[in-house]
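Everything below concerns the one structure shown next.
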Amino acid sequence: MFRLVIRKFLEVFIFLLFIMFVSFLFIRLAPGDPVLTILNVDELSVSQEQVEAMREEMGFNDPLLIQFGNWLLDFVQLDFGNSYSTGQPVMQMLMRALPATAELTLGALLVMLLVALPLGSLSAVYRGSWIDTVSRMLSIVGAAVPSFWLGLILIDLFGVRFGGLPTMGRDGFASLILPSLTLGLAISSVYVRLLRSSLLDSLSQEFVRSARARGLSEGRIFLMHAFRHSLPPVITVFGVSLGSLIGGVVVIEVLFAYPGIGKLVVDAIRQRDYPLIQGYILIMAVVVFFVNTAVDLSYRYLNPEMKLKEKEAHR
Amino acid sequence: MKTISLRSPARPKSKKHSWQAIIAALFIVLVAAASLYTFMYLKHDPTLTDLRGRLQEGSTLHPLGTDHLGRDVLTRLLLGGIQTIGYSLLALSTALIIGIPFGLIAGYKRGWTDRIFMRIADGFLAFPDTIVAIVLSGLLGAGIGNLVLAIVIVKWVSYARLVRSTVLSESQKDYIRIARTNGLSDARIMTKHLLPHIAGHVLVLASLDLGKIILLISSLSYIGLGAQPPTPEWGAMLNDSRPYFQSRPELMVYPGLAIVSIVLLANMLGDYLRDRFDVKKEVQP
Amino acid sequence: MKISDRLKRMSGSIRLRTPDIAPASVGRFLANTAVTSSTSGTESTSDAAASSTAETLDSPVLAVERLSRTYAGAERPAVDDVSFSIGRGECLGLVGESGCGKSTLARCLLRIEDADSGSIILGGQDIARLNGRKLRPHRRRIQIVFQNPTAALNPKLKVSDSLIDPYEQLGQDAKLTHFAYTSRDAYIRQLLEAVELPAELASRYPHELSGGQRQRVTIARAISIEPDVVVLDEPTASLDVISQGAVLDLLTNLRTSLGLSYLFISHDLAAVHRMSQRIMVMREGEIVDRFDAGDLFAEERHAYTKELISIF
Amino acid sequence: MILSIEELSIAGRERTIVDNVSLAVREGEFMALVGQSGSGKSLLSQAIGQLLPPNLHAAGRILFEGSNLLERKPKEMRALRGSRISYIFQDYQGAFTPFRSIGAHFNEYQKIHGEKSSTVRRNRAAEALESVGLDPILLRRYPFQLSGGQLQRASIALSLLLSPRLLIADEATTALDSVSAHRVLELLARKQKETGCAILFITHDWRHVRRYANRLSVMQEGRIVESGGKHRILDHPQHEYTRKLIEAAPILGRSLRSGIEEETR
Amino acid sequence: GSSSDTDNSASNAAQASTDKNVHFLYNFSTSSLDPHVDSSYVPLRAGITETLIRLDEENLTVAPWLAESWDSKDGQHWTINLRDDVTFQNGKRMTGDSVKASLERALKESVAIRNALKIDTIEADGDKLEITTTQPFPEFASELVNPNTAIIDVSEPDIVNKPVGTGPFKLNAFTPGSKLELSRYDGYWDGASPLDKVTFSFNEDANARSLALKSGQVDIVYRPEVESLESLKTIDGMVVESTSTFRVHQLTMNMERESIKDLNVRRALDALIDRQGIVDTILLGYGEPAIGPFLPSLPFAPKYDNTASETGREAAVKYLTEAGYTLENGVMTKNGKPLKLTLLTYSARADLPLIAQVFQSDAKQIGIDVEIRQIDTPEEYMASNRDWDIATYSNLTAPRGDAGYYLNATYHPTGALNFSGSEDPELTAIIDELNLTVAPEKRAVLAEQAANYVHDNVLNSFVLHPGTIVAYNGKKIKNWVTTRSEYYMINNKLDVM
């Protein structure tokens, strides 16, 4: 057990270090640097020498490895640097924006669950019926319609015409409804279809017939036998998209002026605010790692054979 | 044997039938589009702007009206189809070509291979799409190849992981072990025995991803990857119509519908293929 | 019904054409048993078997030494220090109570599961620790029929596709003598015929077959490339007696004419008795009794063997 | 007459697999169904509980306690399955949901059929396993951790648990050694005596037919070629196929013929 | 619809009886309020902070604000007299020392400000400041208009999130990226505001901003979606205001490219731009066609009398003919080489890609093949890649009422925004002279001279001055002023009905 923990820990550490190294190189390969933004060339007269001097001062002219070394030195002291554009500590900025994003993501996931679970289940159970057709149509529209459009329609409907729900900002629960709804609906489509497809597989398994022969109700067969069996692909895609979900909320954050991490990062990218981007990638890498590790663990829970045979050598 | 809840009352219709119908429909649509396209192209240059004639309603000259720069919407829609579908299919299939083997190998080999492969995949997930696109466009410049590369980088992981999850559980089963005792090479076990099992989910995901990829392409073209304006392209048309959300909503509806129909078609194709791999065809009552 | 009739039928049903057991391997096999060999070595009708007798004398086709396997979390080993060997052209029967470890042993032999210790010497090479690419060349020599045929067939593949697997992968090295590969279809037809299945089944999926049909498909697959050793784990359990007889005849035929060796796991003492030259009895992972088939009714049998016989 | 199958046909899209079969099982009777592999025995038995694979379709009548099962709604069917009609399937592995322990299956089965007390459920599950010669410790295991015979016995124990009126056992002892099979069949016989349930027993094993059946039917290529009392068929078979089938029964060694013993009771 | 109207007025009436408040919606968002660093200038715009000197929006000259007066003989030694009646929102009096501390913090925290102000030393003496710049620096006063030089009380603990300035509103709460809650500062030196509270929120989506105004959630919207104005105007009492800004959308010419070096080609390209069409349609009239870089109302903007100078396709063809091009098979060709141009554009300013497309289409019609290349960061791309011919770009030309910034940045060989790569000695001389000239009138003459030079040589081509659009609920809001500088938004005059 202890060794397992150590090993996992080591794995995370090496993984993070590697990711940070790659991302460090990668984002510095992107054309541009933050100097023009810092000097506010849009409004202040700046000469090319000043730009060059600034570059020199910020160390952008040093070899990348030295830059990385410096960054790493700070990193191991848990100093993630200050944002170039605001001068504030990066982690503080990210952590301040994180709750909003988490809220939004959770809200969207809730919507997704409320939409995808029933719709996906029904369309698998009543395969070929009207409900299957309707859910397919909905999910296709969901997959093809950009979320900003959906968001605008929802704002127009529930913010302007009926309901008077808040359409922007982050003030309590009411302001969370529309953005979560938009994001949730936008991501639901894949899960509806995936769950359906997976459930169809499960429902044709032999053990379902045996359960039926034992007199179990369809509901129970579905919940206790088929459903769990059909979860792995759904959870997998969920785990994968959680990463992109956090990055992908930016459209919604902008539309609803929801002050989350997505907007922060997109701005950071636009301004080449390296420390902020790095901080974000670090957080994302941690999140992705844990989410996907959790997903992997869930396979084991869903399929005990995997857990118990894990130690067996594999050819 | 009639049941209400779980089985359609009649005997299942032949799937082949509906498939032929799709092909026929597709063919008709294609022919119609092609002829309309030539016709419209002779009449309207899709890139020629006409500021005085912008935002016109539908008329006989412009069946779907004109866009914000006075260009014929129908012509752009027809022309854009080729671009849009071509790029997105190319990108999607490349993502599949990379993602599926990756997932197969990771899930089948397990152990260190799996661990390393999955950490690589995680790494890709940690990068925001925009960063990838910016770096690529900065390093390599615009071009279809780089566009496809950017999308592949963003998309392949989901396929890899999806495939892996199925392979992980499937390769526990006796018939895979038998296949191994039959001396099948790993590659062959993966392609012959495991691929049919993953096809269903992958097709579902891929057909829906097509829509997302079309939208992604348009947002990538903003930062220099992909089609440059004024090339007609559905995703870009959709984005360009954004300001007219309140004044001319149909400008968004047309490309939106076009994308929906393509995704629908892909989805039907996916379902058809899925049914082919789904040898048991139907749920039991 | 007259008793004489029955006796006639009885003697007719024992159609052991060649109880050709190699004395040397028997000696080795019996090293730790009290039984002495009394097998009469009728000369082999098969040239192949005859020419290889010399070789078989000191090198059995398959020799297992001190094999053990304990499942994670189990209190006692499923296979406990098992040793035996099989000579060329020999059929070794393995009987034992349900859950005693027969299938586990079989899976270990096939390297589907890893034994914790012991060696599996197949054609002179210990394959117990070989892995991956190194193992693959040896795969051709040993094949298995699983106990549960449903799980052993890929539900997404047609019968023909499942059947062709071994040939497409290993067939080039195998010198087929019984079956002949002219075309894929013809080959599959031969295989299906051999197990008395209609050719039309080739294009069906496993779930469209009956239990017995599935089992016969897996048998056909196992013998399709004529390996040296076939491990048969309850190969005829769900066959009607006529098909059962036919399949067993076929197996015997192949064995004698091609010099195949079998490890024949079965609950059906009649079938085991009919097929095998030697029989092992397994209990709680250990081999508790070994004897020549002819000595089945001998007095010195283990109590459990006797119970099996009496119940039968 | 607890079960009476009348002119039952089972057809797929291309062909008819079971052709116009009639068969009856009397109350408290041990009815054996033997026959060719692939002749349609399993499908016939599945049709009774409306459990056919979806690509197959049954026509005819299946009267269970007087009412036609083929016309029943799924809900009504469910009320019968598990409590009044219970199944042992040929694919013993498929009987268990892979990610649930054996114990969970026993527990759930009793629970949905109305057993409220969890200790009672647990004890009965343990007893049931012991009655088929299994260690109750197996309750904690997952299906894949059991040997073939253990699984089969567990599924037999499960289907006997609630004393059904009709037990359909499809090759229920194929994975069992003769000692265990004997034990299981003794248990079946005892159960039958206690509860008076009818058993439709599909088998290839003449010994079992000989020892336990009251009547038997012989199937070949989708038809029943012969049915009747055990003695009549075993000792005076009419149909050519039956005769061959009996003849092919394997015999062991010196004297024991597996199906047909010296005296006929 | 009418229902939302009645809703609005009803709720407004209800609010008016208790609290007078205004909800303002701005088109940028910020996650930091540091008055000296953050370039969104929100503290100044929201009325929290003020600068020493401000821009007089009517005359477009600099005017006193926290400073009463200022003076310099040589452009290097400056004396600034502060008002003596100013207090910070925490009640402390603004003194020379506090101003000095504030300026020093600005210099310390912001490289940009350090670069821009070129301050060497500051000395405080009562309400008087003595400032020396590192070099003669005539624009110094106008640079003090920059919102990042705003005066705050630097002794406050949390400047980044809760700056304390001298403005009419003090900050109650700040949600980064979302909004500021402000309340009236009663001790404001110029007379306290009639309002009790102001909410200053951000939303970067134009459609969403329009819809927020429609739904009555906000009262004033900065830059609503232009295309939604028609539907906004149908709402009773909605007021839409527009003012041209100091910004110019221009076509930057890459003077390092062979074809562009030819003045006649530049003239042709300039003639090709359909300015009026673009303003009328893409901007729906909210903007004005540009001739030169400076907004005509600026004192130093040249009066172009040759406005009638030929434009249109014919003129373009004529210039091209003069340059030696002929139309061959519908393609403009010179010496067998067709005229092919690469046009850069970027999406951060949504108008620019549209202008690019219109230009491309017009060029196509006279046989010029223009390839559009959309890029991410224009400044960096233009500076490091020289494989383009023309570029759409948007510039502030006189952000603080002075021409020095634009001319230096864009036309001086050392300027950071000199993407043309122009090194015209004559123009450089004018700019250098401007940099040493203190007297405003003389500076105006030089600026005009430079602008004319640019125009005559078509160093860049100017398309339009976009307008700032503000829409507000006229039934509620009183005294709203849309400024050209876009610096001043919430002030002490703003009121509700």
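Each chain gets a letter, A, B, C, D and E, in the order it is written, and its residues are counted from 1.
Following the convention adopted for this analysis, contacts are C-beta pairs under 8 Å (C-beta built on N, C-alpha and C of every residue); 3 or more make two chains touch, one makes a residue touch a chain.
The structure displayed is predicted, hence computed values, not measured ones.
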Starting at chain D, find the fewest moves between touching chains needed to arrive at chain E. 2
B-C against A-C, pair bridged by the larger set of C-beta contacts: B-C
Report, in whole Å, the distance between the mean C-alpha point of chain A and the mean C-alpha point of chain D. 52
State, to the nearest whole Å, the distance from the C-alpha centre of chain B to the C-alpha centre of chain D. 50
Measuring from the mean C-alpha position of chain B to the mean C-alpha position of chain E, what distance in angstrom results? 43
Between chain E and chain A, distance of the C-alpha-averaged centres to the nearest whole Å: 37
Indicate the residues of chain B shared as contacts by at least two other chains. 5-6, 12, 134, 138, 180, 242, 245-246, 280, 282-285
Multi-chain contacts only, two chains or more: what residues does chain A have there? 31-32, 148, 152, 156, 206, 209, 212, 218, 303, 305, 308, 315
Pull out every residue in chain E that's touching 2 or more other chains. 207, 211, 376
Contacts from chain C onto chain B in the complex sit at residues 107, 110-112, 136, 139-140, 142-144, 146, 148, 151-157, 161-162, 165-166, 169-170, 205, 207, 218, 221
What part of chain A is in contact with chain E in the complex they form? 31-33, 36-51, 54, 85-88, 93, 96-97, 100, 148, 151-152, 155-156, 159-161, 164, 166-170, 254-260, 263-264, 270, 272
Contact set on chain B toward chain E in their complex: 47-49, 51-52, 54, 68-69, 134, 137-138, 142, 221-224, 228-230, 242-248
Of chain D, residues touching chain A in the complex: 49, 51, 74, 78-83, 86-87, 89, 91, 93-100, 108-109, 112-113, 142, 144-145, 155, 158-159
Using the touch rule from the top, collect the residues of chain B that touch chain C in their complex. 173-185, 188, 192-193, 196-197, 277, 279-280
